[in-house]
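Note that the chains are named A, B and C in the order they appear, and that numbering of residues resets to 1 at the start of each chain.
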Amino acid sequence: MNLTLRIWRQRTPEDAGAMTTYEVGGISEDMSFLEMLDQLNEELILAGDEPVAFDHDCREGICGACGMVINGRAHGPERTTTCQLHMRHFSDGDTIDVEPWRAAAFPVVKDLVVDRSAFDRVIGSGGYVSVPTGSAPEAHATPVPKPVADLAFEHAECIGCGACVAACPNGSAMLFTSAKVVHLNLLPQGAPERESRVLGMVEAMDDQGFGGCTNTGECATACPKGIPLSSIATMNREYLRASLKGGTRRR
Amino acid sequence: MDCDRPSVCAMALATRTDRPPSLIGSVWRSTVGKKAVMAVTGLVMLAYLVAHMLGNLKVFFGAGEFNHYGHWIRTIGEPFLHHMWFLWLTRAALTASVVLHGVAAYQLSRRDLAARPVKYRRTRQRASYATRTMRWGGVILALFIVWHILDLTTLTVNPNAQEGRLYENLVASFGRWYVAVFYIAAMLALGLHIRHGFWSAAQTLGANSPRRDRVLKAAANGLAALLTCGFIAVPLGVMTGVVS
Amino acid sequence: MTEYTRYTTGEPLADTKAPGGPIAERWDRRRFEAKLVNPANRRKHTVIVVGTGLAGGAAGATLAEQGYHVVQFCYQDSPRRAHSIAAQGGINAAKNYRNDGDSVHRLFYDTVKGGDFRARESNVHRLAQVSVEIIDQCVAQGVPFAREYGGLLDTRSFGGVQVSRTFYARGQTGQQLLLGAYQALSRQIDAGTVEMHARTEMLDLIVVDGRARGIVARDLVTGRIDTYFADAVVLATGGYGNVFYLSTNAKNSNATAAWRAHRRGAYFANPCFTQIHPTCIPRSGDHQSKLTLMSESLRNDGRIWVPKAKGDTRPPAEIPEDERDYYLERIYPSFGNLVPRDIASRAAKNVCDEGRGVGPGGQGVYLDFADAIARMGRKAVEARYGNLFEMYERITAEDPYEVPMRIYPAIHYTMGGLWVDYDLQTTVPGLFAIGEANFSDHGANRLGASALMQGLADGYFVLPSTINDYLARHPHKEVPDEHPAATEAVAGVRERLGRLLAADGDRTPDSFHRELGELLWDECGMARTDAGLRKALDRIPELREEFWRRIKVPGTGEELNQSLEKANRIVDYLELAELMCLDALHRTESCGGHFREESQTADGEAARKDEEFAYTAAWEFTGTGSAPVLHKEDLHFEYVHPTQRSYQ
């Protein structure tokens, strides 16, 4: 199939950037969206142009590196990551808009590449269990009911791709943050740091310049891993509970 | 302890002297806490509106009963409370709620807009109309409240403006079609605001869960419809001549 | 054909670190004999860790907890994205929670045997011992392993073993374990004990007075090339499967760090030991950029077949039962569809080579669930494999409930890597290699669910114990920035990048990578022959020459330039590929993942030659295109005696 692509090109973080139009032909419907961009890039290189920069790595939907807004939707029309989106969901002659994640906390590095290190700082401010290597008790010392373990797992599935932030009209990281808070706060292993974790992570989230939540639900709709919106409600509860208990932040 | 490692000592000291942050500080400073303030104040106003709406409906029983109801409100709590004290307490609580709700909304909105400075070239609306109109709906409601107080509380802009004659003041006000239409429009905005706001408050206060989600959404819709219909009934009554 | 005398044999190599005595006591003895660093002195030591996968992430976090100053690197935008995250199946541990006869010794035995007797016994035994602690550690970190209704951990069994010792978190065990390590690392980064450099790629090793003292790294965003110095350098940079272009590795996984270390004196061991996974989704065309693995568990209920006739292009449903060849069940009646990975892969290749393959290009075989659905019902099949079927359908747009899946083998893991001793130290003092980057524990073939175990064992427990000994034994004078070794390394990196940018030819980096990959897959893939390997060895230097003549890299070096990154990695692949073929050529036996067609039993199975090849081949670099030196480390089997595998 033949397609018209309008892609955001921005050479440096300081550049203004603009949408640039490209025509690509001979696209197979079995190609992934990234393979379609690979083909475009091969053509650009041979034509003496600069290829489009985009983040990608595992290309099987788990590392969370890839992500672009395709026709106004984070990761495109299917509920999956960009690398697992296939060209059969488009038709011959389509015009496709490709833009980077847009959020103040995710500045554009180049073209479709954004800086998501704010996520790492949110995790660093409480998204862990403090258990130095070697000090762990026997694994079966604390049984965890299966439904609790399963629920924790569902929240632990987050791949940190940032689609929730990209889709949110407020550039909010509530779904990302809540997924980790809920995962760890549900488990008995995470209980001792329950209050400091949620207080610390919410504070870091605010510090990083993410917006607040207006409960539009766009994040959960865009999430390729299906982290539920209820995750945010649970984090809110944890936060208010920790505030009422006068829990201390770590820092 | 091993004080050769300054980082360790500093950390330990920090932990020991770190006083828990004040509740108010912790709540007001964070987006999550501020949003909770909006939820609580919103629910306070919502509770008030339910009572207000039910009281309004007394208008259909005639001037005597309605004006008597208006008088009773001023005497609630007597003799324990002085005359009008209950009313003033309510007004104080409501004013605080409106101000907190509004200031929090303003501050959060500014923050949210700053957090997403660049729009997408192609956007597509997935959130409901009620969700997308919270900000402007809120502004309309704020303006409405100001006018509503000037019209029926302080009677500044009321054409009848007789202290204690609630019924007559009301009929006189709604006698002007454009006032009735403005009122109805504001009540529709109120309905939309509550439709998203009630569910959103539950979410914000952590009362939502996958199991409760449907019930809460239904309750939000029900409350929105009830309040809108209940409030709109009065100007419609005046316009159709049922109340005169 | 040229006669291959392109290598020389050097001094034999021996591991001097593993203590003697009963194997179960060696690890304890080693830990006791090792020198320790006073806790107060640890912050004075800097350790560089390259890579943030299971091994690197775990090591960085643990060393920082111990008090060392850690400087860590990853090429990804976040340490959470290392490719360990894609591991699906599970992690082995000798917990014996099932009371099914498992033990440390049995895990040790299974691993040595599974590796076709090409691993070092002491290392493997330690791995089995440590496996138990890994589970405890990960559970305490909040890794949400699958549990049973009683609240205890669930396990399942995995290929090639008879006990149920694999712990798992649905099909995302690697992700969950990696996030556990990443969170521990994040805690240290936040505390300031780990200095994290994301989007920064190591491009050379700095060796001062014979010891590894730092690295040269490029900031992938600004293009800035910097030197970083330390008292020891740990490489946790994963395997080199991407040399094949199409593999299940992440697109950017690469061999550059390991190869640069090799060029600086670290021996590279058993490079021809690569593992091929039988159940991957076949390529759909020339555009294919990578291959996706599907859990081997599918072979528990699916039946593998191809048409009996060559070139049969009928849709599978129209091929009657008696015209199908369920070849695994036919050739291996007792194990059937559950034969080990290497055997299943080779059988698939054979039927495709006969012209009986299915799908585009005839590079695939059917994995059919029709019988399973008829037997258990669609619901039961869905419960077991629902997510895999969904993944398959997303990629191929075919519904596996209706049409048989198509599968084909793909490169998945590399057992070879930098040679290390019992302390995980390479032949360059002060340079350590952990996880898939080293060659150590899997011999010629890795068992399922053992990669995660080894990565975490090395990172959490082994390296943090053994590195103390090195740090405590040597004084570490500060290396000045302008030390000749550093300036020489930086100049080399700049020169190379400059050459790539200046070439301005007419071929893209990917086109070379693809060509190299195809050559390797054909000649050094599932089955290798003397003639084929010689052909590849003749072709690779030509390709290397053509690469430098025709490569085209747009842009500059002072910005984010993904083409430059790719091209720079291909330079190293072009050298590594040659060593792989040479290693494969010199090892005229078949063992594990290395199958030489000349060395097979009467019924077509891999035939080992223990008298000749019971050694680890560690190669010493002597220059690009010049003959490397082979150092043999003889393997001694005191506890597990070599036998021939049979699955018929």
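What we mean here is this: contacts are C-beta pairs under 8 Å (C-beta built on N, C-alpha and C of every residue); 3 or more make two chains touch, one makes a residue touch a chain.
On a predicted model such as this, the values are computed, not experimentally measured, just so you know.
Participant: So using the touch definition from the top, which pair is joined by more C-beta contacts, A-B or A-C?
Facilitator: Between A-C and A-B, contacts are more numerous in A-C.
Participant: Of the other chains, whose C-alpha centre is the longest way from the centre of chain A?
Facilitator: B
Participant: Can you work out the whole-Å distance between the CA centroids of chain B and chain C?
Facilitator: Measuring from centre to centre gives 60 Å for this pair.
Participant: Please compute the C-alpha centroid of chain A, do the same for chain B, then give the distance between them in whole Å.
Facilitator: Roughly 34 Å separates the two chain centres.
Participant: At what distance in angstrom does the C-alpha mean of chain C lie from that of chain A?
Facilitator: 27
Participant: State the interface residues of chain C toward chain A in the complex, per the touch definition above.
Facilitator: 58, 61-62, 65, 76-81, 83, 85-86, 95, 97, 133, 135-137, 139-142, 144-153, 169-170, 172, 175-176, 179, 182-184, 186-187, 189-190, 196, 198, 221, 248, 250-253, 284-285, 287-290, 292-293, 391, 394-397, 460-461, 464, 506, 508, 510-511, 552, 554-555, 559-560, 562-563
Participant: Touching residues of chain A toward chain B in the complex: what are they?
Facilitator: 6, 19, 69, 71-73, 97, 99, 102-105, 168-172, 174, 199, 202-203, 205-206, 209-218, 221, 228-230, 232-241, 243-244, 246-249, 251
Participant: Which residues, counting only chain A, touch chain C once they are in their complex?
Facilitator: It is residues 11-12, 28-32, 34-35, 38-39, 41-42, 44-46, 48-51, 53, 55-65, 78, 80, 84, 86, 88, 109-110, 113, 115-117, 119-121, 123-125, 127-140, 143-146, 149-150, 152-153, 156-157, 159-160, 183-184, 187, 189-190 of chain A that touch chain C.
Participant: Can you name the residues of chain B that touch chain A in the complex?
Facilitator: 14-15, 18-21, 23, 26-27, 29-36, 108, 111-124, 126-127, 131-132, 134, 196, 199-200, 202-210, 213
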